[in-house]
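A quick write-up on the structure given underneath.
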Amino acid sequence: MRPSGRQANELRHVNITRNYTKHAEGSVLVEFGDTKVLCTATVEERIPQFLRGTGEGWVTAEYGMLPRSTGSRMQREAARGKQGGRTMEIQRLIGRSLRAAIDLKSLGERSITIDCDVIQADGGTRTASITGAYVALHDAISHLLNTRKLKSSPLHGQVASISVGIYNGTPVLDLDYDEDSSAETDMNVVMNDAGAYIELQGTAEGHAFRAEELQSMLDLASHGISQLMEKQREVLAVS
Amino acid sequence: MRPSGRQANELRHVNITRNYTKHAEGSVLVEFGDTKVLCTATVEERIPQFLRGTGEGWVTAEYGMLPRSTGSRMQREAARGKQGGRTMEIQRLIGRSLRAAIDLKSLGERSITIDCDVIQADGGTRTASITGAYVALHDAISHLLNTRKLKSSPLHGQVASISVGIYNGTPVLDLDYDEDSSAETDMNVVMNDAGAYIELQGTAEGHAFRAEELQSMLDLASHGISQLMEKQREVLAVS
Amino acid sequence: MRPSGRQANELRHVNITRNYTKHAEGSVLVEFGDTKVLCTATVEERIPQFLRGTGEGWVTAEYGMLPRSTGSRMQREAARGKQGGRTMEIQRLIGRSLRAAIDLKSLGERSITIDCDVIQADGGTRTASITGAYVALHDAISHLLNTRKLKSSPLHGQVASISVGIYNGTPVLDLDYDEDSSAETDMNVVMNDAGAYIELQGTAEGHAFRAEELQSMLDLASHGISQLMEKQREVLAVS
Amino acid sequence: MRPSGRQANELRHVNITRNYTKHAEGSVLVEFGDTKVLCTATVEERIPQFLRGTGEGWVTAEYGMLPRSTGSRMQREAARGKQGGRTMEIQRLIGRSLRAAIDLKSLGERSITIDCDVIQADGGTRTASITGAYVALHDAISHLLNTRKLKSSPLHGQVASISVGIYNGTPVLDLDYDEDSSAETDMNVVMNDAGAYIELQGTAEGHAFRAEELQSMLDLASHGISQLMEKQREVLAVS
Amino acid sequence: MRPSGRQANELRHVNITRNYTKHAEGSVLVEFGDTKVLCTATVEERIPQFLRGTGEGWVTAEYGMLPRSTGSRMQREAARGKQGGRTMEIQRLIGRSLRAAIDLKSLGERSITIDCDVIQADGGTRTASITGAYVALHDAISHLLNTRKLKSSPLHGQVASISVGIYNGTPVLDLDYDEDSSAETDMNVVMNDAGAYIELQGTAEGHAFRAEELQSMLDLASHGISQLMEKQREVLAVS
Amino acid sequence: MRPSGRQANELRHVNITRNYTKHAEGSVLVEFGDTKVLCTATVEERIPQFLRGTGEGWVTAEYGMLPRSTGSRMQREAARGKQGGRTMEIQRLIGRSLRAAIDLKSLGERSITIDCDVIQADGGTRTASITGAYVALHDAISHLLNTRKLKSSPLHGQVASISVGIYNGTPVLDLDYDEDSSAETDMNVVMNDAGAYIELQGTAEGHAFRAEELQSMLDLASHGISQLMEKQREVLAVS
């Protein structure tokens, strides 16, 4: 039995709100139950040093948690003077996941930065971030199309992400904080709309997981991601 | 004529939402028009080094802006590796303002940290922060009273803040970004409910201001702060 | 009665020494009683990034305290690896104050940096810094005129600064350290020679201050600043 | 055809040298072909803050690359003033992998730090690090047993790691730099001697990978890890 | 011929002023010609971590240059966020030199920090620093004797320092900036009052120096240091 | 009697291995007994800012110790976020020593960086670094000659370094860690093949050293450096 009373293959209530703030080219509040992340996309007509002269664009992400988005207050990374290892790991994951959905050549010499800031955390902030970031990225691309800076969309795939894990010996979908903190295994899965894997990051917290457990988790993930993509398409259908 | 069409002595629409997020002992979203700041209060049963053995508590504040809370994206301070001078100046101001409303002796050996994070900026983020932070602090104190960690409230005053300035030669109340960026003079006023000044920070951006201009601005500020305090009391009256 | 035996409206002995060191384009030792600050002005034929192409120049300030300028030794900021919030606040204040006295367009594409380094501290280091920095800036401008890099002076005003406060219930002028550390209210005032305000920063340390107390403090400040400006003109009259 | 001429399921030549340097409690040079990593284990009779009072010990890892371990020189992280995101990601992975092999309760209140420093890089530095670090950890435990600080070994499993990927459309084992830099998919697999997964980190660099590709890669990894464990046991058998 | 017109074996005019500022236990302005360094000694009743429990005290030094102490402005190290290599090298040298003159056991569990801040630089700042720092240290020790924290002085030697070099093929004493910047060889010598060497740091800037050149430089240094020590004793004789 | 049983004028066993790693233009493992340092030379076709437009090249060095190269683990400088004073001092010394052997004008607008990373430390890491770095630099120059980027060698001298000291009252050559940590005086000498001094850095750890002790140490150093140069020439003779 899950603490939340959910079925093993049941997502939390998912909500995606576009145009959440007014300045960004894409601004999306994504909610996976009590986890709330604000994903904003910024288009800038410049590219990083290492891409100069290649004609390619860039998509990258930054991630942060508000200090009291969590149960006990975390030190503000800006005050500590550096981003922690976990933060870096997550923002690199989000960036790679989004780049797997876009043709950087077609984007042209500009960059899109997706900021994922966790307003409230209850497990799964990185998977919610990726799922919301895709919608923000889509809105930023629409902005470029609407302002005629792009003629056709460089997006060639849809991306979403969910966590799966082994909780009390049972594979479950979309772990909340209670489950996550006592799960034996935790895996984050990023997939595209062709059902293929973009990222797979599994960690045995308690005991190592066997091949059949891996298979069950992958099945759950695939099932959950289909629903998230349905949700993404739904909100993007509204212009 | 003000860009927003407001009267010289007219506040923007003010909204204060309590319990905006679930983990913090106080969590308030404050809106001054399009300026939106999340103020969370965290109670911790420990005090900073310099207060050890004094029996006193501490109230402090931290301030941050989400990178795309503004018209163009600002670099994330956590990624830059340090907080800028403006950030430090603002968080020190918020902290001092709140400490003027509370008896640290009565608070006892604990600390309350108010995080003010700007979700969307349109001028006046520091005055909105102080006004919202007071409500979050009040909620944190209520939490301590409800959990019987305190027997009586150490709060001895109510605090709110507003900006005033000289815009196109006319003193105006509660400047939005359009006004702020072209104002000749900009002043932030923090007052208590006895009508006395806690902080006064006036800066001549364009030309120096004369004594009579100062007086007009102080009158406007006093008028605006009364309304903000009315609003604070109103939302705090709901339990 | 003030600890120093001064009258409420009495400045400490003020001394301004030009050409204190030999390398800088302006080099001024300013003394407000036992507070001693070395203000040097450096002219550089380059401007910060954000002004490129505007044709404007820049005036900025940096502030520091020698580790043992104070009663107990402070950690060296260079060794700590960052400037504290107070330092940043003060150097931003000095810079804004000086920019209020100069036409940056007429200065041309060059920058002047004023370094204010506290040799000995006894309260009022920021007001002494501003008062001395103006003289150093004036000398740097004279240098530009003498070397024919400028044809006419871009300075359009004179700037000086003093602190006022409520000490033992009485408004007093130019607080020294003993007064400052137990004052109920502390205000730094920066004015120009037209008697208008450039900066006003008042902080209620103990109790909030009322309108009439504010008025008394402003009157004292105006009185003190007139004398400081007299002193500035006197030392600048000597070529 | 692989650039190195290897079969798809063929490891590079693997070499593990114990006691490579003289000071550390465990010191292992691990070579996967031209990739050479020095793994040293340091035992310290103290534990990190967050474990105080729990009676548990700690195992952690740090990772670094010598500046010219790679084809072109990388900036020294000590000179840059911070560790990059990739470095943090890798050292966190090594630490988690090793902790999956040891009972921290039985280790007692002490910590073991494994430093993995890359002397020469040719792809697979993180998998070589984990494989070598296990041997260094084993030697450090032997040292604790020999010096009678521990009565029985807290190690409850053997850990090794290998990379797999899709290169030119074919799943291959143990990618070298040439393969890695042009692989479509890259996955690092950490397993224990029971054939279960400890970590799984797959990234689609070029195109997303399908379920059957995942399966092929996992089969290759399992095959390679068996051989690595054989090698580990072989070198550890010599006392 | 030297630019200053001095003889090869002639020191610049040396001036040592005690009690230059009022807060420090020792405060000395030392002048070697136009080089002016403020040396303050701070006594603190605590010792660094690594000496806890040894019963020994500590003497250390920090060094800094005011940004415009030099011909062109140097970036403020506090603003850069770190001390440069030259700064660290010099402050380590000063610290070691002073520790050679004191018995740390007899000093007891306290520390003395000497801050050497360069007000104006014209070559030889490190040798002036050491020479002035000794006097400041002596005053701090007198303070401890006068306040009966020490019964007898832990100082067992006198320390002074001078630079020597090969300028235009000729060995010269006490190089000023003009000479220093074009000298072929530059050597800093620290000696005690028994005529023995405490530190010797010679660097061939232009061409390597031969044994006989070394001997000439050492003779000059010995000659100069005798005069500096005479000067130190003279100013210390005044109580 | 020396702990190692060596004669006072006896070097440790010296070994210099070229082509130790495969990527660098010069890669040398230098061993002075148990001290092992990897010196790699990297050629880059760019120069630092301060040399732009001068037509000159640059040679510089960086130094680091692997965390467990020493008896007890040192904190990793990359993790601490800065290089310590000792590290900076040493890398500046290595850089200056190498620049004394090369004509930067003839090198042309390119830079050579020598990384000296200590694999195992047993005293004398800086002297071993300089001695090995010269060989790595020589190999990098040969690479430039072989690839016809240079027509003739800009090297005009050979450089090597050794430590000398007073141990138990006796002058000794090439101190190992046991001797170094209890020596009364420690001096590092860098010489060229004309028998002249490039750097001389002597420090009295215990008691100050007299002129005759200095002379004995210099004689020992000269003797040791001759042998090191012989060794360098020997290994460089093999193509």
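Here the chain labels run A, B, C, D, E and F in written order, and each chain numbers its own residues starting at 1.
Keep this in mind: a contact is a pair of C-beta atoms (placed from the backbone, for glycine too) under 8 Å apart; a residue touches a chain by one contact, two chains touch by 3 or more.
Going by UniProt, the chains are A, B, C, D, E, F = Ribonuclease PH.
Treat the numbers as computed from the prediction; the structure is a model and nothing was measured.
Among the remaining chains, none touches subunit C as well as subunit E. Shared contact partners of subunit B and subunit F: not a single chain qualifies. The greatest centre-to-centre distance from subunit F, using averaged C-alpha positions, is reached by B. Centre-to-centre, using mean CA coordinates, subunit C is 59 Å away from subunit D. Separating the centre of subunit E from that of subunit F, both taken as means of CA atoms, is a distance of 28 Å. Distance from the subunit A centre to the subunit B centre is 33 Å, each centre being the mean of its Cα atoms. Multi-chain contact residues of subunit B, defined as those touching 2 or more other chains: 81-82. The assembly's chains link up in one ring whose order, counted from subunit C toward subunit E, is C, E, F, D, A, B. The part of subunit E that touches subunit F in the complex is made up of residues 82, 84-86, 88-89, 91-92, 96, 100, 157, 187, 191-192, 194-204, 207-211, 214, 218. Residues of subunit F touching subunit D in their complex: 21-24, 27, 34, 36, 38, 40, 42, 44, 62, 64, 66-73, 76-83, 87, 113, 115, 117, 119-121.
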